[in-house]
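Structures are listed in the sections that come next.
Heads up, the next two complexes both have chain A, just with different partners, chain B and then chain C.
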Partner chain A sequence: MQVRWLLPIGIGAAATVQVAHAVQYMTVAQAQQAAFAHAARFVPIAADIDTTALGAPAGWKPLIWRVQNASETSGWFFEDAVIGKSELITYALALDASGRITALEVLEYRESHGGEVRLAGWRNQFQGKSVADPVALDRDIRNISGATLSCRHLTEGVHRLLQLYAHVLAARR
Partner chain B sequence: MQHRVLALAVAACCAVTAMPVRADEAALKSEVEALRADVAALKAEVAQMRAAPAAASTAPVQASPRPGSVATSVSDAGASHAGGGAPNPGTALGDGTTLWGYGQLDYNRPTSRPADTQFDLSRAVIGFNHVFDDSTRIYGELEWEHAIASASDKGESEVEQLYIEHALAPSYGVRAGLMLVPIGLLNEHHEPTQFYGVERNFVEQAIIPTTWREGGIAGYGNTDSGWQWDLGLVTSPNLGKWDPSSGEGRASPLGSIHQELQLAKAHDLSLWGRLNWLGIPGLNVGAAVFAGKIGQDTSKQFEGNVNFPADNARLQLGEAHVRWQTGPWDFSALYTRGTISDTQALNLSFLGQPTPVPESFWGGYAQGAWRALEWNRSSLVPFLRYEEFNTAAAYAERPQGPGTAAQPTQRVWTTGINYYLNPNVVFKIDYQNFHYDDALLNYGNRFDLGIGYQF
Partner chain C sequence: MSGVRRARPWLGTIVDIRVDGVDTPRALRAIEAAFAEIASVHRLMSFHAEDSDLARLRLAPAGAPVRVNARTYEVLEWSLRIAAVSDGAFDPTVAAALVERGVLSVPRSIFVPAACADWRDIELLADERVRLRKPLWLDLGGIAKGYAVDRAIAVLHAHGAIHACVDAGGDLRVAGTRAERIAVRAADGGIFTALELSEGALATSTSGNAQHMQGASRHAITAGITASVAAATCMAADALTKVVLANPAAAHTALRIFGAQGRVHEPHRGWRALDLAA
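Our next item is the complex of A and B:
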């Protein structure tokens, strides 16, 4: 195959777009705005989490915000990270006041493998789920072939946040 | 029994409170109220005591997903949101370097040739990746096959992947180095936890030579609508390596001539392309091609074969697949077909040898798996797979002679169970039924056991 001429062209093309690109798809503020357009305030919450009781890794400390409209809690917002295949996926989860998922956003994805968890179709499966649902891969959340590890770990992460909401935050509304 | 305790307690209380002789009515009344309260409290206690043993016996069955107290304290005040959330524990080796791996041990017992039963540490793999910066990383995979690799042993030690990846944008980038060919369902995802049965399916060994890798440069990307694409310019197999005297080319035509970037002849290059659509969760449908010249100008090489008549031979391999995973079900089907051109003169020079170069080869399978049982992190997944493949469906026309007849199509049924101790550790058992036996190619009904892991 006469493809020798393709090489320099390819290399040239790669070099001209040789700009380091951030892998951030959304900032926390953007995700908050998207999930709660009319929220008055995002109040950071510090929670001492008993990780063993939640089956979470030691030192797990997601960022938590209580979303307030006037004096009412209108929902909760989390930022957390899980390992995809071998690198971190940073994601945000929004719950309404009753603990149902209203949005799951991938904020940063660093690997090329398993990046399909960003697909809206996949993330939309989480809509409306609460701690009462299994939120488990291959049960109520379908897998993406070829991105199994990322799908599984992200699903586990969301499950953990729902547990956190149910056991720690729900009581404080 | 508890009633008796209660009655005794009440009687005792009455006796004690009835003691004062000079009690006026008001005092008496208030004492009766107090007594009533005491009795009520006692009743409540008794009720609790009764309920307790019953609760204790049901608790373990319920396997409560909600542990009692999780937080020790929660407060609005501490806005300690400076750092990011802590990740799951990975196998981090320090700044930006991660280690991962997988392995597989297989026990095969041919039912008609029990003397050939063997137990093999098929592969042990250590992979790593290192992140240089936000957009650049290196992936490597080192593999040992059959436990020991040395001059006097049969094992192999190999670099299975080693490439630099540079993201040009979040959704696309380039890779350069030794890469897995993006084709089929297994080649890129060949960890033992990812497939059913002890051995990888035949189609993706005999026709697509998993784990197939080539060296070169490739682009990759995906879109928000679920498309995933790959395009690469890479090394080709080397037809000059074809050994007509061994069965290797019959077991896997491409497996016997791929070069794995081992001093690979790189005069002829190939292109690969793949398009997958993952827009519906659980669905993977796609197709791939690998095409290029594979003669490598063998006749003109310094140490080549001046009589090699297939410098212009060209390989074309196409593949299409679909996989549907929903709830406990996992269905997949794949078809692949390859052709090699300009083999007529080459095969003529191989006259009398058992393995000429095929003009076409193909294979396909359909597979269904069902997660029948699941408890904690474990699961039991029975599966059934049917495969048809032919590594030499046709030879280029040439004068009649020995070895010109096409091979019969092999048909294999495989049924078994994957027992996942957890999603990353699997024990397997299966039985494989072959349409025809061929000891040289290791075809023949057999019973297999396997162990696999991934981390």
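Our next item is the complex of A and C:
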């Protein structure tokens, strides 16, 4: 183990670094290829989503693709986002033709501090910015150690997509 | 080469794996295998999953030897070692008290845990068998995440990935000789550039919401304290953060024994070092 501490000691030197931490893990296209290596086509699907019936937040609108090999449906692919206290997570879920999860990947992770992520101002700071162009960042920092992030929102998001599949998409095979 | 980085939900958090310096197909195979290993640790050591080793111990009569997976056995060995050097400040048997406080939900069990049971009542027998001398519920929440990170690093190494970082929601380990700069998030949300680390691990725990408890006294730990520990393995770093939170003043011995270094942040005192070598 090689360690060089950089933390300021004592209250006087307690200068907080403002970080808007963002990581892009995969693009949608990469996640699609990884999940369906032999898939022929990804057909975007427009679905009328009754958010109340699914217990989803108003305005929830995941992107949905039917995955087709020739004329057969070989599975489904979703891109969705979930919002936590200080984080915004974009993720991809892949289901096989029978609705079984075959892949779940985080696509993008963004977090900010000093405010609730639901505040419009907080979210607007990311508008039009790519992950490669973070808001304010010590560029050398690639990981943050700290109060363990919960995956609860992500888990809830996956459950919503499975409900959507069961109630809306399963009949469309 | 910028490396390949993937993240998936495991261990109740989001696990981020990055591999640098090998070609993409090879990095992806290594990452896939590392996630599979993390999934195994997750299933074996989950408190709530009905088929975890911990659940099997709750469903066997206390006093009967139960065979567990070699990984679970290894984590229990380390848990007892850390419990011993911390005088029980770290204790993998606090689950019953956490259930009582509503931090964990009530698990399925054929016995009621004894209030007086502690880590000394866990007996590790030959052939990866475990015997509970008193009825008790095991919870490896304070160490299994670090162990999963260490196992993932081992799997990445086996796949030829030398430069890598595995980060389980802030408990992380850096493999390779290149120093990585890492920030720490304190309990108050402030983020500090914390250290440069290579070939080692860093874990951070914060007190609050009563999820941490002083092992020996079963008292909840004062909220708002942040403990960061750097150690050779993530398992040691993870468990030692709980020792530091339980009693910063008494954590010296445990840190020294494991060659670890610690930092503590308190709202009105800022950061301070816990090790004399700092």
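General remarks:
Keep in mind that, in the parts below, the second predicted complex is superposed on the first by the 110 of 173 C-alpha atoms of A that agree within 3 Å, B and C clash if a C-alpha of one lies under 4 Å from a C-alpha of the other, contacts with A are read in each partner's own complex, and residues count from 1 in each chain.
Following the convention adopted for this analysis, a residue touches a chain if its C-beta (ideal position, glycine included) is under 8 Å from a C-beta of that chain, and two chains touch if they have at least 3 such contacts.
Keep in mind it's a predicted model, so treat the numbers as computed, not measured.
Of the two partner chains placed around the shared chain by superposition, chain B is the only one that A:Ala166 touches, whereas chain C remains out of contact.
Of the two partner chains placed by superposition, only chain C is touched by A:Met26; chain B is not. Contacts of A:Trp60 after superposition on the shared chain: chain B is touched, whereas chain C is not. Once the two complexes are laid over each other on the shared chain, residue contacts for A:Thr102 go to neither chain B nor chain C.
Within the superposed three-chain arrangement, the count of touched residues of chain A is higher for B, of the candidates chain B and chain C. Contacts of A:Gln68 after superposition: neither chain B nor chain C is touched.
Judged by the touch definition given at the top, the superposed model places A:Ser150 against chain C, while chain B stays out of reach. When both complexes are overlaid on chain A, the residue A:Arg142 reaches chain B and chain C alike.
Of the two partner chains placed by superposition, only chain B is touched by A:Arg110; chain C is not. Across the two superposed structures, the residue set of chain A contacted by chain B and also by chain C is 1, 3, 6-7, 10-11, 14, 17-19, 21, 23, 25, 86, 109, 138, 141-148.
Residues 1-19, 21, 23, 25-26, 34, 86, 89, 104-106, 109, 113-114, 138, 140-151, 154-155 of chain A are the ones touching chain C in the complex. On chain C, the positions that touch chain A within their shared complex are 5-10, 12-14, 16, 18, 28, 145, 165, 167-172, 177, 179-187, 189-206, 226, 228, 230-232, 259, 261, 263, 268-273, 278. Every residue of chain A that touches chain B in the complex is listed here, in rising order: 1, 3, 6-7, 10-11, 14, 17-23, 25, 43-50, 53-54, 57-63, 66, 79-83, 85-88, 90, 109-112, 115-116, 118-122, 125, 131, 138-139, 141-148, 152-153, 156-157, 163-164, 166-169, 172.
If you check the complex, the residues on chain B that touch chain A are 65-81, 84-91, 98, 100, 129, 131, 133-137, 165-171, 173-174, 185, 188-189, 194, 217, 220, 222, 224, 226, 228, 233, 268-271, 276, 278-282, 284, 291-293, 314, 323, 325-328, 371, 423.
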